[in-house]
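The next part holds the structures, each set out as structure tokens.
Each of the next two complexes has subunit A plus one more chain, namely subunit B in the first and subunit C in the second.
Here is the complex of A and B:
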């Protein structure tokens, strides 16, 4: 087991370097240039050339990439090109926290509502409740957030004045409601579907029939046998959702004026703020790699039959 | 079609960009754009929900405004108006612009200019101090000018604004470490030599790159979090993306500001809703709210103030080296065919003033007698028939490029295209290009025909409008405009010392330019209507950024 984890961990640097390399190359060869954006319509090629060379942007790409890796490996992600004189980590840090708080609340909404409902309707297969809830959840899952957001704003802000239309005030502020619901609603439906399918699978297993035959009561069966086994696919999904926590929500954050990583990424891409884009990409990559690992490990904890060597 | 290989937006991209534009309205190309201010999320009145932390400073002597994160607080590298708006309050230089845009003494109490116009001697104020009380001497200025020009500072503006000083360009290039043209005569006397007599030199010194910084302060890590400036306000608190608070400087060389705090909300939100909610004291009025606010029965109506137009202009640019814009008659035909008055009143709710000349109203050298190419369908058709493209079926493909990703080029542009089609039968395609790519193509002079751009003056001198955009040797001349006579006029005006003669030269140049139409002037924009809370007195609306909060007073 430990050997397995170790070998997985050893792959991480290679993965990260590849991700970094691709992002770096795409940024430099794509159209647009940060110096041009800084200077806007007052662009002067002579000044731009000088600034580029002072910032090291005129060196060969491989050499730029090399020094980037060297600094990044020491935790120095450089300075933002847009917010001059500000370190990338100092800029991203607070925004990561904002995004993480928002994603956490929305994830909590999907889990707390989705999982019990999914578990419940699996037991109600064959009655009207099951297709009813499944239909509703599929409907919600198919609504793009470009519709959810205006709808929620219309209901919650314009018509009833329950919450402000946009902005951010932290975990315990009313302004979190709309974004958290926006991101949580598709999650609820998704959780219901996965949990239902997984529970149904387990309910059809022989060992459940055996448990019932032994005369175990419903709660013991549910708790010890059904729930535990049906959680396996959920764990994978949860791990990836956890990774998403750090990724931020591009659309939701941008529309609702939330100062998180998602909105900052969009802004940085438009400003060709390479160091910031690199850092956000790398953080996302690390989160996904770790989430993958956590998922694999948790399988073996939940299901003793799964063993890694 | 080669443009499209740069930019192939997919649906998702369009979606989030469209919505982003809805909310932020903050593209660099349109920093003061009246067209995009229709904030869809603006709530109608009675918004009770206030969660903005107003308790941080329990002072009622505080001005609350909505602002955006400044890209930098380092005056020597700042080059955008958002940063300048704060920097002008925190720091200062030898001279500054007052709210009437006249150059006034700041840290220098007086100056003399030599006979030949090439030597300036500044006398510093005896009581000029940094925020911490330390005296400001001529040496601090010498150090600051050197630091601004030093290659390691990577200033984008140093060359433009300080480059007239002898020796500055050598320092920028790294050939020298001292600016040969600046001498410290004594603690309070500074001598600056420039390379030729330039009437606009003093105006350039009002720009942040010429401001004084404290050498000791800059040795500290993260000095920008606690800058030891010399302006009327001190940086009290700054949380990126949340808020920035300015506190009055009691050590200022003039009587301290009456206002104790300026609190800037950086978190964003709907400005109108926040204004009505009492969270902010000042806001511009967008088209969506215009009718409501201008209604005399509306409670907001008493707060409305009419603002001057900005010192900027929106225009449609031609690349004069690309057909069909190599033909003067063809360009004129397009200009004549636009009914600007109609668009301004019907489409843009009179939030802009139609432009016929280049210099904005109120700008030095502005001449209202410049009629330009006024709307006339007859003249438009006549010009077209005189041009070598009179047979419009022989026209090359015409593609108008506009920056942005919102999916619409703007209603005004769409109406203009329709006018061309109806009057002249000319079909123009629109191509929207993402801002960064647009700039790249603009600078390479790859664009045939473009709009969505505005020129915003940095200092009130005609040179900053005419020379920089229309001199054939300037890299900012995106139109490939080249008229030796105009070049001559602009060059002589650079060094002419008699104010009136100089303005006359610019006037002549402007007339030629307007006639030859390398661009079609469209609008002078601005926050036409601004709401200012009754408790705020003496807040001056100016056509460009100047220090102004020290004059403001709060009367409850």
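Here is the complex of A and C:
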């Protein structure tokens, strides 16, 4: 077990370096010269040459990458090309918090509605309720976000004036409702499906029949025998959703004008602000890789039958 | 014991009995045929502007209305569908089927070093958070691909290659391939790992069958049903990603119509308030495409993998 965790942990730096390298190369060979972007209309070839050597952009690419990695490992992602004089970490920090708040609320919505519904309809297999809810949830999963948002805006902002049409005011502001619902609706559908499938698996087990035969009531069976086992796959999903909290939501944040990481990364891609893009990619990759590891480890804690070599 | 033809025949029979699946197949066929034959079906040119009919709601002449430049929305939706079909199809064939299935077969069958190299590469490209890799690739590849197409045009004297927009198709397909292959490869690998323990593989080896023969005659056909299911289920997501790319302005460039671009133009508050048909027309088509692929995937999963729930 410990050996397994250790070997996984040792693999992480390599993964991160590869991710960083791919982004770095794409950034260097992508369109647009960073110096041109920085100087904008005041471009002057002589000054540009000096800035280039000051920033080390004339050195071989491997040595540039090396020094980038060294700084990045200490939390220094360099300076933004677009916002002169601002450090990338300083720019991203507050945006990460905004995105995390938004994702947290939408995750809460999808868990609170999705899990109980999925658990209940698993008990209704064979009746019309089960396929009905499953089809409805596929339908909701299939609505593209670019359509969900205008539809919600039409209901909540144009027709009823419940919420302002865009903007951001933090966790306890009405303006969080539309983005949280937009991201929560596919989440609900997803949770329903996963929870239903895993509950059905558990319900088919022999020990459930035994528990029923002993005359235990529905509540005890559900609580002690079914839920505990059907939650195992959910743990994986949850840890990935937690990783997603950092990623933000490109489209939702862009349409609704929410100052989060998603919107910022889209902006930075169009501004060719490569230091920012690289930092966001790396932070996201770290979160994702760790989530993967946590999911695997928590598996074996919840279900002692799962052992890793 | 397990006749593959019989297996598919019973599966097909069971599929036909599912009403939702049949409806979805019909809807998809209608959408795909009208998209592919857009040049025949569409009543107008997609760039044709009618200044007497600007921002007109749906009527007999323009069944989805006209946009702010007086262009027929229905025509543009048809051409947008065609672009989406071409791109997703190319990405599916190259990324999903050729690269994904090929590498998955190879990794599962060869094992050892080949296996770990392929799977490690997959792990690296899936460490990129969300669809950020696709977005970065689409943003940085475009000028390179455009240069390449120009070079082709000059050196082989093919005129109109750049104008035909082939570079756009290439960029988007390449970007989609980057994440499309991993899922298929993992699935194929898992399948092969379990199938290759069967006795018929051993007997094929013992009579001296070549590796290619074992891979494509013995392993692939036996692993095909989960593959069909995962491809069908993945189509919705693939279409969704293509639409996100063109929504971000990284897909097919105007004046050629793309569904993502139309959703972007139709999604603003003033449009929802005054000209909602600009969103409703393309929105319904996108929704139906994604929904039907997802529902069909679900139905196929029930039919082909009866053990999973």
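The criterion applied here is as follows: the second predicted complex is superposed on the first by the 292 of 309 C-alpha atoms of A that agree within 3 Å, B and C clash if a C-alpha of one lies under 4 Å from a C-alpha of the other, contacts with A are read in each partner's own complex, and residues count from 1 in each chain.
Here is the rule we use: a residue touches a chain if its C-beta (ideal position, glycine included) is under 8 Å from a C-beta of that chain, and two chains touch if they have at least 3 such contacts.
All values derive from a computational prediction rather than experimental measurement.
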One more residue to check, A:146. First (subunit B), second (subunit C), both or neither?
both
In the overlay, answer first, second, both or neither for which of subunit B and subunit C A:266 touches.
both
Figure out whether A:251 sits in contact with subunit B (first) or subunit C (second), or with both, or with neither.
both
Should A:233 be classified as contacting the first partner (subunit B), the second (subunit C), both, or neither?
neither
Using the superposition on chain A described above, determine whether A:277 touches subunit B (first), subunit C (second), both, or neither.
second
Hey, what residues of subunit A end up touching subunit B and subunit C alike?
31, 146, 149, 153, 157-158, 165-166, 250-251, 255, 266, 270
Residue positions on subunit A within touch of subunit B in the complex are 31-33, 35-47, 50-51, 54-55, 82-86, 91, 94-95, 146, 149, 153, 157-158, 161, 163-169, 173-175, 250-251, 254-257, 259, 266, 270-272
Which bits of subunit A are touching subunit C when the two form their complex?
15-16, 18-19, 22-23, 26-27, 29-31, 134-135, 138-139, 141-144, 146-147, 149-150, 153-154, 157-158, 165-166, 196-197, 200-201, 243-244, 246-247, 250-251, 255, 265-266, 269-270, 277, 280-281, 284-285, 287-289
Residue positions on subunit C within touch of subunit A in the complex are 20, 123-124, 127-133, 135-137, 139-140, 142-144, 236, 240, 243-244, 247-249, 260, 263-264, 266-267, 269, 272-273, 276, 279, 283, 286-287, 290-291, 294-295, 298, 308-309
Sites on subunit B touched by subunit A in the complex:
6-7, 15-16, 19-20, 22-24, 28-29, 41, 43-44, 46-49, 51, 69, 71-74, 77-79, 151-152, 154, 156, 159-160, 172-173, 224, 239-242, 267-270, 273, 434-437, 439-440, 442-443, 453, 455, 468, 475-476, 478
